[in-house]
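Right after this note come the structures.
In what comes next, chain A is part of two complexes: it sits with chain B in the first one and with chain C in the second one.
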Partner chain A sequence: MTNSMLRKMRPTFIYALLGIIFMLAAPSVLQLFTIINLTTAIALSVLALSLALIWGYGGILCFGQVAFFGLGAYVYTISAINFGGSTWAILVAIIVTSAFASALGYFIFYGRVSDVYLGVITLTVTLIFFSLIRRTSGPEYKIGNALLGGFNGVSSPPINLPWNSASFLFPEQVFYVAMAALIICYVFVGWLVNTKFGRVCVAIRENELRAELLGYDIRAYKLGIFTIGAGIAAVGGVLFCNGVGRITPDIFNLYNAALTIIWVIVGGRGTLIGPIGATFALFYVTSALGGQSVFNNNLVLGIILIIFVLLVPKGVAPTIIGWASARQKKSQRRVRRRRRAEGTR
Partner chain B sequence: MDLIVAVLFQLIYVISNLALISLGLAIIFGMMRVINLAHGEFLMLGGYTVVVATNAGINIWISMLILAPLIVGVIGVVVERLLIRWLYGRMVDTLLATWGLSLLLVGIVTSLFGASTGTTVSPPLGVLRIGEYSASGYEFFLIIVTILLLFGVWLTLRFTKLGLLARGTMQNAEMASALGVSTSNIYMITFGLGAAVSGLAGGLLAPITGVLPTIGATYIAKAFITVISGGAAILAGTTAGSILLGGINGIFSFIAGSTFGEIALLLAAIILLRLMPKGITGRFFRKSL
Partner chain C sequence: MKRKRGDVVVETRELCMHFGGVRAVEQVDFTLYDRELRCLIGPNGAGKSTFFKCLTGQLVPTSGEVLIRGHEMTGAEPFEIASLGVGIKTQVPNVFDGLTAEENIWLSARRWHGEARARALTAETIDRLDLGDIRRTLVGRLAHGQRQWVELGMVVAAEPWLVLLDEPAAGMTHEETYRTAQLIEEINKTSALIVVEHDMQFIRMISRQVTLFNEGGILMEDTMDAISADERAREVYLGHRS
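Take a look at the complex of A and B:
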């Protein structure tokens, strides 16, 4: 790592450090129930992070990021049941999901499908997963020893210590694993967007034609970032089915697909911490809404999405950063003016 | 022989069903190049209109053929004025706003009618006999309506003043506007018409599928791929997309069951888009409507 990259990554390290402090402090402060809930929120924020990468930095409008999340969860569950342990299952989940994403991405990016189409195609893939897996309720739908279970889903075996399938992790330990995975993914993505690869992806987001005329194969770059994003989403999926204890086809429904988009819009495209923060915030809003029946979740999310698209299209984090830097500039200018005035006196 | 006729009938039904649920989306997509993600909810609203109106004692034909398109069409116009028109030229934001609208409509209907409705209407027509096989008379009726609807849209686009203005706006909105066409009005009217056609389709399908606030999700995947594979030409695109994808879906469903039918449909659409990124009408029938 060069010095300039370290400097650019300073905020990333600060947030990661805060995350580590939170990880160490939370179990001794919070109740077990909250910790289990937090594990789910962490898993979802890994999903948000993956979309923040490919949409916010790669400019790829993927409406079906939750498909990779759900696929990762399903592959993990099925292979953990078959292997009788989670070590290889986690790897298989990430590899299979990335492979699926790169196959889908090949058709999309090498067909030069434009962004509006891309969103709709990825959404369609998600919905097809939803309707396909719902139908797999009979005993004939099984992969190895794992029944797919249709509408009811499959219960996921918990993560165990590496190569020791007898020692399952307790919910509190799963929380540590989840938080560590989130921090690692966050630092990884923060590093990735500052590498040459990441900067080319941002260039492509800004202007595809120019990037291509400069000699970059935009199809390959897009496919690359899309595949990496899917792999990160799969990590989230593995954590999610561990937090919840089972995986059902409902993960692929329209509501969850919309939710993923909303996290990134509310948090802000082009930042990483924004979508993660928005995930935690909205997770608590929706769980609070679940306790009452006046306002339905769909209603509230719909209004949030419309309001943000119309009024705060940049999202919360970039808007705040914008204000902050505008104020900073203003005060700098004021200081400079004052100095100049003092100098002339 | 009877088997062949029965299978063919089923195939044609699958195709026309696809065309029926996609046409409203195709009208809006053809005009504005924007996929209306609230399309499924327009279908859902059409279905609810029929169920509510029929339960209130209104004749089922009136509520299906007149009330459903009328009410959903009005909703479409209101949506266009309040939401969509602020976002012209911002495609991604339009997509996102219609998605927000979709969630909002699901939320409103769930709050009003509950998450599941027990009340349904039954298909009004009896059974049709093909030799020793039987087919639903209502499915036959739907095929006829779909054909009439496609024909009606063609007549409107081809022979009316509104159709001419709409085609002009579609080809070159700036030029049309420079020649004195109020493109804003044209967009409003076409959005309303697209919504009305979606409402009609939803109303017609309500007796078969029943209604739920989230039923839109079961339609939209198919409607999206049909319209995208078809491309920007409203009629030729919808027809070509439905025939190709519906044909593939029908044949694979017949051979290997409906689950594989859907997989085949999706795979065919993805491969098609690799070969023709702008849809079928992006390469063939370019001059068509």
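Take a look at the complex of A and C:
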């Protein structure tokens, strides 16, 4: 890594460090119930991170990012049951999901399907998964030893120590794994968007024709970032079914597909920490709302989304960054003016 | 009459581009030699821009062939044509609005070079085009003429051997137009150019050989002076100028 790369990644490292401190401190401060809940929130924020990458940086509005999340969870669960351990199951989940995304993306990007239809196609794929897996409740629907279980889903074997399928991790340890995975994915994406590949993806987001006229094969770049995003979503899926303990077809429903988009809109496109933070915040808002019965949950979420789209259209993180840099410029100008004033005296 | 300076770099054979019943480009045979500077002129709807888009891969011709340095490029993707080392500037400024001027140019240089060389080339281009003051400004915030210059900077930073410019002086002030003409002269020292342009004064500043389009075909190819003097040319184009 060059010096300039390290400089660009400084904020990423700062947030990663805060994450590590949180990871180490949380289990001794928080109750086990909260820790288990947090694991689910972490899994969802990995999903948000994957959409922040492909939408915020790649300009690809994938309405079905949750399809890759759910696929990752299902592939993990089925392989873990069949292999009798999680080590290879995690790898298989990431590889199968990425391969599926790259096959789907190949037709979308090399077929030059426009942005609107990309959203429609990805959402449709998600809903197809939803309908298909819901109908697999009979004993005839099984992959190896794993019953798909239809509407009730499958219970997911917990993660174990690498190559030691007897040593399951306890919920607290799963929290460490989830947090570490989130931090690793975050630093990886933070690095990726500053590489040549990442900068070209941003350029494609800004102007496809210009990127192409510079000699970049935009189809290959889009396919690349789409596939990587799907792989990260699969990591989230693996964490999710570990946090919850089972995976059901409900993961593929319209509500979850929309929720992913909301996290990124609220957190802010073009940042990574924004969508992660927004996921945690909205996760806790929904949990808190679940504990009361005065307001309808979805109504409140809908109102939050409308407020953000109208008042903070860029999202929270870019708005804060905008304020901060405006203040910094202002104070710099003030310093310069003062210096000039002193010089004339 | 033709001033041969070397090998053929761009050739079209019986190139046609039809939109339904409209024959925007009809049977065009065109040849450009290495290090040549050629202007394409013609009245509105003469087919210059459509011809340009066929050369750059933005349109797939109905029939005929496009050869660039002997490579058959008919119907190739724009990135494939650019990957031959062709620098292209479109009519509407196509820039990366959300990125800084510096990054716009870097993205062009980085396509061809490694990290260090790309950075050096970017700095060089910024100096050469005098973009130092706006290097850290988002291109979306710049004035029209400056955006045009950033786009020219992107073309130059790729060090192309063939440059295709569609109306480079459009919307520029007189001063900017003059500087653009100078830049084109400078680019021409190392590369061949095709310039589509409306602005007659600009063409007089840079012109060597001019191709006059009319009704989808090439009406004549000659120097600007000869075209100005020609009856037919005056009728289709210059006569309508006022």
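The rule we apply is simple: the second predicted complex is superposed on the first by the 345 of 345 C-alpha atoms of A that agree within 3 Å, B and C clash if a C-alpha of one lies under 4 Å from a C-alpha of the other, contacts with A are read in each partner's own complex, and residues count from 1 in each chain.
In the analysis below, a contact is a pair of C-beta atoms (placed from the backbone, for glycine too) under 8 Å apart; a residue touches a chain by one contact, two chains touch by 3 or more.
Worth saying up front: this structure is predicted, and the values here are computed from it rather than measured.
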First (chain B), second (chain C), both or neither touched by A:D217: second
Touching partner for A:N298 - first (chain B), second (chain C), both, neither: first
Partner chain in contact with A:I306 - chain B first, chain C second, else both or neither: first
Partner chain in contact with A:V120 - chain B first, chain C second, else both or neither: first
Which superposed partner A:I261 touches (first chain B, second chain C, both, neither): first
Chain B versus chain C as contact partner of A:L209, first or second or both or neither: second
Touched partner set for A:F197, first chain B, second chain C, both or neither: neither
Partner, of chain C and chain B, that touches more residues belonging to chain A: B
Interface residues of chain A shared between complexes with chain B and chain C: none
Contacting residues of chain A [partner chain C, same complex]: 2, 196, 199-200, 202-203, 205-207, 209-218
For the chain A and chain B complex, residues of the former touching the latter: 61, 63, 104, 107-108, 110-117, 119-121, 123-125, 127-128, 130-132, 135, 253-255, 258, 261, 265, 295-306, 309-310, 313
Contact footprint of chain A on chain B as seen in their complex: 33-35, 37, 83, 86-87, 91-93, 95-97, 99-108, 110-111, 213-214, 216-218, 220-221, 224-225, 228, 258-259, 262-263, 266, 269-271, 273-275, 277
Chain C to chain A touching residues, read off their complex: 56, 58, 77-79, 82-83, 88, 90, 94-99, 103, 106-108, 110-112, 115, 151, 154, 158
